[in-house]
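After this come two complexes, each holding chain A, first together with chain B and then together with chain C.
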Partner chain A sequence: MNIYSVAYKNLLRKKVRTALTASGIALSAWVLATLFGFNRGYESGLNRDVDNMGFQVLLTAKGCPYEAATLMLKGGTGLRYMEEDVVKTVSSNKEVEAVTRMLMQGVFDPNKGDSGAIAAYLGVDTHTFPAMKPYLEFKQGGWFKTNDGYEAVMGYEAAELEAREVGDPLLIPDLGTELKVVGVLKRTGTQDDGTIFLPLDTVQKIFKKEGKLTGLGIKVDKNADMGAFENRLYDLPDVQVVSMAQVKTTIMSLVSSARVIVFAIAFIAVLIAMAGVVNTILMSVIERYGEIGILKSMGAMPLDIFRMIWMETAILCSLGGFGGILLSLATARAAEAAVRHFLPYTPNGDMIAVNFSIAAGAFGVIFVGGLLSGVYPAWRAARVRPLEAIRNEGE
Partner chain B sequence: MDTVLTAKDLRKTYHRGSEDVHAVDGVSFDAGAGELTAIIGPSGSGKTTLLNLLGCLDNPSSGSLSVGGEEIFGGKAELSEGTLTGIRRRNFGYIFQKFYLIPTLTVLENIMLPGVFYRGAGAGRTPQELLKQLGLENRAAHLPAELSGGEMQRVAIARALINAPKILLADEPTGNLDSKRAGEIEEILHTLADGGITVIMVTHNLELARTADRVIEIRDGRIHAQ
Partner chain C sequence: MKKLILLALFALSAAPAFAAVGCDLNDPDRDVARLFPASTGYKTQYLSVKTAGGAPLLARIEARLGDKFKGLYETIDVPYTLYHIYKGKEKVGYIHGVNQKGEFGGIQAFITLGLNGEIRAFYIQKLTSKGAAALRSKEFGEQFAGLTLADFAAYDPVAGKVAGEGPAARLKSPSPAADKDFRNVLRSVKKNLILMDELLFSREQK
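On to the complex of A and B.
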């Protein structure tokens, strides 16, 4: 028998009270781990989404920069158009390694989902686009060979939704144009999964947008002076420049604001848990004044009593903290689904990433917070004089 | 008979407002090895306060106390809690009217409890020997709630003996027991005294007091008769 087993058994005296306090700690640990995981998952998901664009700068027709961000991240529609001449102007800059032309179009498909949805068609240059997206792999087939064929490459989710395989026809609603599916992409975890890629010239032709583009992706030399290059692009008429760094900064500044609220909630959760620990342990000490006095009369030093009570706190916080971490792992996917439901934009991939360091961090915060809150009750217990026990006996 | 404990002119004064209350007022006496002393007196006479001073549970206002030849109080400044604990570890065992057993520990664990805090404990007999001596060998794995009052007090006695104390202090050891169980505890206390342990008990039980080697009657903080 040692001080740990005595402390553990002390906690078993009031099982319901111990269980309720441990549950409170577990809930706090759960909130903490989930929020930490969300913070990390959201940030890395966003970085991944933006990095997977394959180019560092996107040129679009002048308009709201948030529309531009939406174009890149959501494949939105309702955009303005640039003239294709801009390609020559941009390509003449020495910093440009490659450019790829894009024309996004959206068509309302009444057969999509329960009440219809926008089907996004992205016209891409078959000679340049695949080279900028080397991470795209095919589940079936491959890229179209020319820019004017009536062929389509479907993102993984788009193909699943439309139930299409290579060789199947694909009809564009309203226009009555039939395409042939020549490739189905593997899942990427990005917006590409929901996109239908068509040859650029074909999209320009069937949507009557010859010589028009919605976007020009620009891959810049790694050693180039990005700032100077972007400044030159800003001088071009009727176009706007959206750099990935800018998009990241914009969204991350929003995320940072949200992070303050998130950490405030986490802090409150920890405070609530600490208050619960103080209450439980202090109650337990007050109920055991007599016993603690007897222990001291038997030879327990004040430090021994402090250690015993502190150990009870540590055990309680360990149990609750561990339970909360398990809970956060078990409910990460459900919490993620809830967050996706409520947030207007969420990156692809695991958005609540509770890994070992997150779990250890959350456990550490709860454990240390719990230990701190156990100091006062332990100090009160250590100060009990044996005489008090005897006086209690006389009462 | 070797003297184990010597108290000289022990006093304990409490200040209540402007009034001084002399709970113990100049008590002197010796206790020899293996002697069983009963302290009796009406409620509020100062007998429990005296026991606390003798057991180093409290500092006296003045006077001296020596245990086993070691002077503990005697013109020194008030001793710290840590110093008093060290003295108690080496010399005393305590039993009380309420048994103060830890309800979630078994009988054996309760007896071994002092060893958790004091590595030198158990220098005397093993917990199993104490269980046997006190007739608890079949109760080792039981929880206190499963014991009778008499058994609980016997566990408390075993716990007090695990440090092999020179002196056993008992405050109303039969106060919560019926006459049959009280008789059992009386027999155990006599056996311990016969074994060389000095037993000092405070009691209201005059039948128990009459069996002691010496009876000290306290009134108003002073020895009235012995």
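On to the complex of A and C.
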């Protein structure tokens, strides 16, 4: 019988106490892994959302910049307009690699649900928009060839909801305009999945917004001085500049504030779990004073006793930590749904990304914390005086 | 321990899978109370042709429907949401919806059923059609009350016609603009009743 099996059997003597302590450790590991996963998933999701926009700067009509950015990220509607002349002005800047014009429009569809809903359409320039979104792939068909055709390209979820395939007609409610679906995109996990893309000129014509835009996506040379370029854009009248880098920084700083509080709670949870480990192992040591005394009188050295007790702590923390990691994997989607419910903006895709490195990190924190907690009980056990312990046991 | 490690490795390496789209009530608490005024609660159950019987069941459903399940979105793995409706502890009926391809967009059509499978109410939750208002009208929906699967047996969804003079033959399109989607709605009701029979009533009898 080796030291591992002795330690394991000692833990099995008090099954309920061991299970409760391991559960406490598991809960701490669960909180840690979920928070680490959220930390990583939210940031990478936000980066993905911003990168998938295909442009680094978005020009919109004057209004709240954060609202505008969120609307664009979530594919909503913006009802402020810019004159199309702004394209020439912006394109004359040497930093600009490409621009793409956009016009978002929405109509109220009274036949969606009990009280109706907005159906949104994004007019895009077929000559520039696809080049800025090279990651978009088609499940069926392709992009429209001209900017004035009565055609539509549907994101995967939009096509799924409307049961549309290439060749099917699509009706714009309220206006009664008929379009033909020429493309259905593959699922991307971004806001594009729920978007219905129409040729820009067609949207301007059917919504009577000729010469108007709601957004201008600007792709900037990577080596350009972004600050200087943005400053020049700020001088343009009646437009606002939404820098995706700024949006990302602003959202991340907001999330970071909340994260500090949550990590503090997680730290307290780990401390409580460590206190539980100290309590459990110390009680176990005190109950076994006589037994430890006999072991020492048979030749066991203090280091042997220390290792035996420490091993119990290690096994307990391993079981709890492993259980907590499994729990975090099992509940990642539920936790994600809860977070999405409470946060005003959440990126698309997996937001709580518990992968191997995160699982290993959370396990490591719990394991090391547990081992530190086991030092004092193990030290107490190692210091037991054999004769005194056996005498006390006899009395 | 080995099993736990394997389970953990599987969970860490699993890629997200996207299921086919189902047909749920937008606001079940509100909608159930409106569609079943006397109800006090409901339970939700998820059913699928794939898990209930697979390809042989799908073939039987298609044979009874008289049409194939078509397109990218009418597939064997569609999750069907069935609402069991209660008044106190007593079950009083069911609500079940299906997605149906319409002329200009998707249709989400629900029927409420009594315990014997007869239609109590009909409700179109979402519809994009030139005759949408007429198809969602109270008068049109009331035509379906009391009909059963047997009444729809004579409906041929491919031809869009009802053979004979049964109750289903008396259902009328509410406006010429809605004719095509009227036929799509009838197909959705027949499909819905067959699914309820195959996935629920026939199994309860067994």
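The working rule: the second predicted complex is superposed on the first by the 385 of 395 C-alpha atoms of A that agree within 3 Å, B and C clash if a C-alpha of one lies under 4 Å from a C-alpha of the other, contacts with A are read in each partner's own complex, and residues count from 1 in each chain.
What we mean here is this: contacts are C-beta pairs under 8 Å (C-beta built on N, C-alpha and C of every residue); 3 or more make two chains touch, one makes a residue touch a chain.
None of these values were measured; they are calculated from a predicted model.
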Clash-or-fit label for the pair chain B, chain C on chain A: fit
More chain A residues in contact [chain B versus chain C]: C
Which of chain B and chain C A:Glu160 touches, first, second, both or neither: second
Partner chain(s) touched by A:Ile272 [first = chain B, second = chain C, both, neither]: neither
Touching partner for A:Val339 - first (chain B), second (chain C), both, neither: neither
Following superposition on chain A: angle at chain A, chain B versus chain C, Cα, nearest 10°: 110
Which superposed partner A:Gly299 touches (first chain B, second chain C, both, neither): first
Partner chain in contact with A:Ala245 - chain B first, chain C second, else both or neither: neither
Partner chain in contact with A:Ile3 - chain B first, chain C second, else both or neither: first
Chain B versus chain C as contact partner of A:Asp109, first or second or both or neither: second
Distance in angstrom between the closest Cα atoms of chain C and chain B, superposition on A: 21
Partner chain A, residues of chain C touching it in the complex: 4, 7-8, 11-12, 16, 18, 21, 26-27, 30-31, 71-74, 99-107, 124-130, 132-133, 136
Chain B contact footprint on chain A (complex, rising order): 1-3, 6, 9-10, 12-13, 290-291, 294-302, 304, 385-387, 389-390, 393-394
Sites on chain B touched by chain A in the complex: 48, 52, 55, 57-58, 81-82, 85, 88-89, 92, 94, 96-98, 100, 102-105, 109, 112-118, 121, 159-160, 163, 171-172
Footprint of chain C on chain A - complex, ascending: 109-114, 139-140, 157, 159-165, 169-171, 173, 176, 178, 184, 187, 322, 325-326, 329-330, 350, 354-356, 359
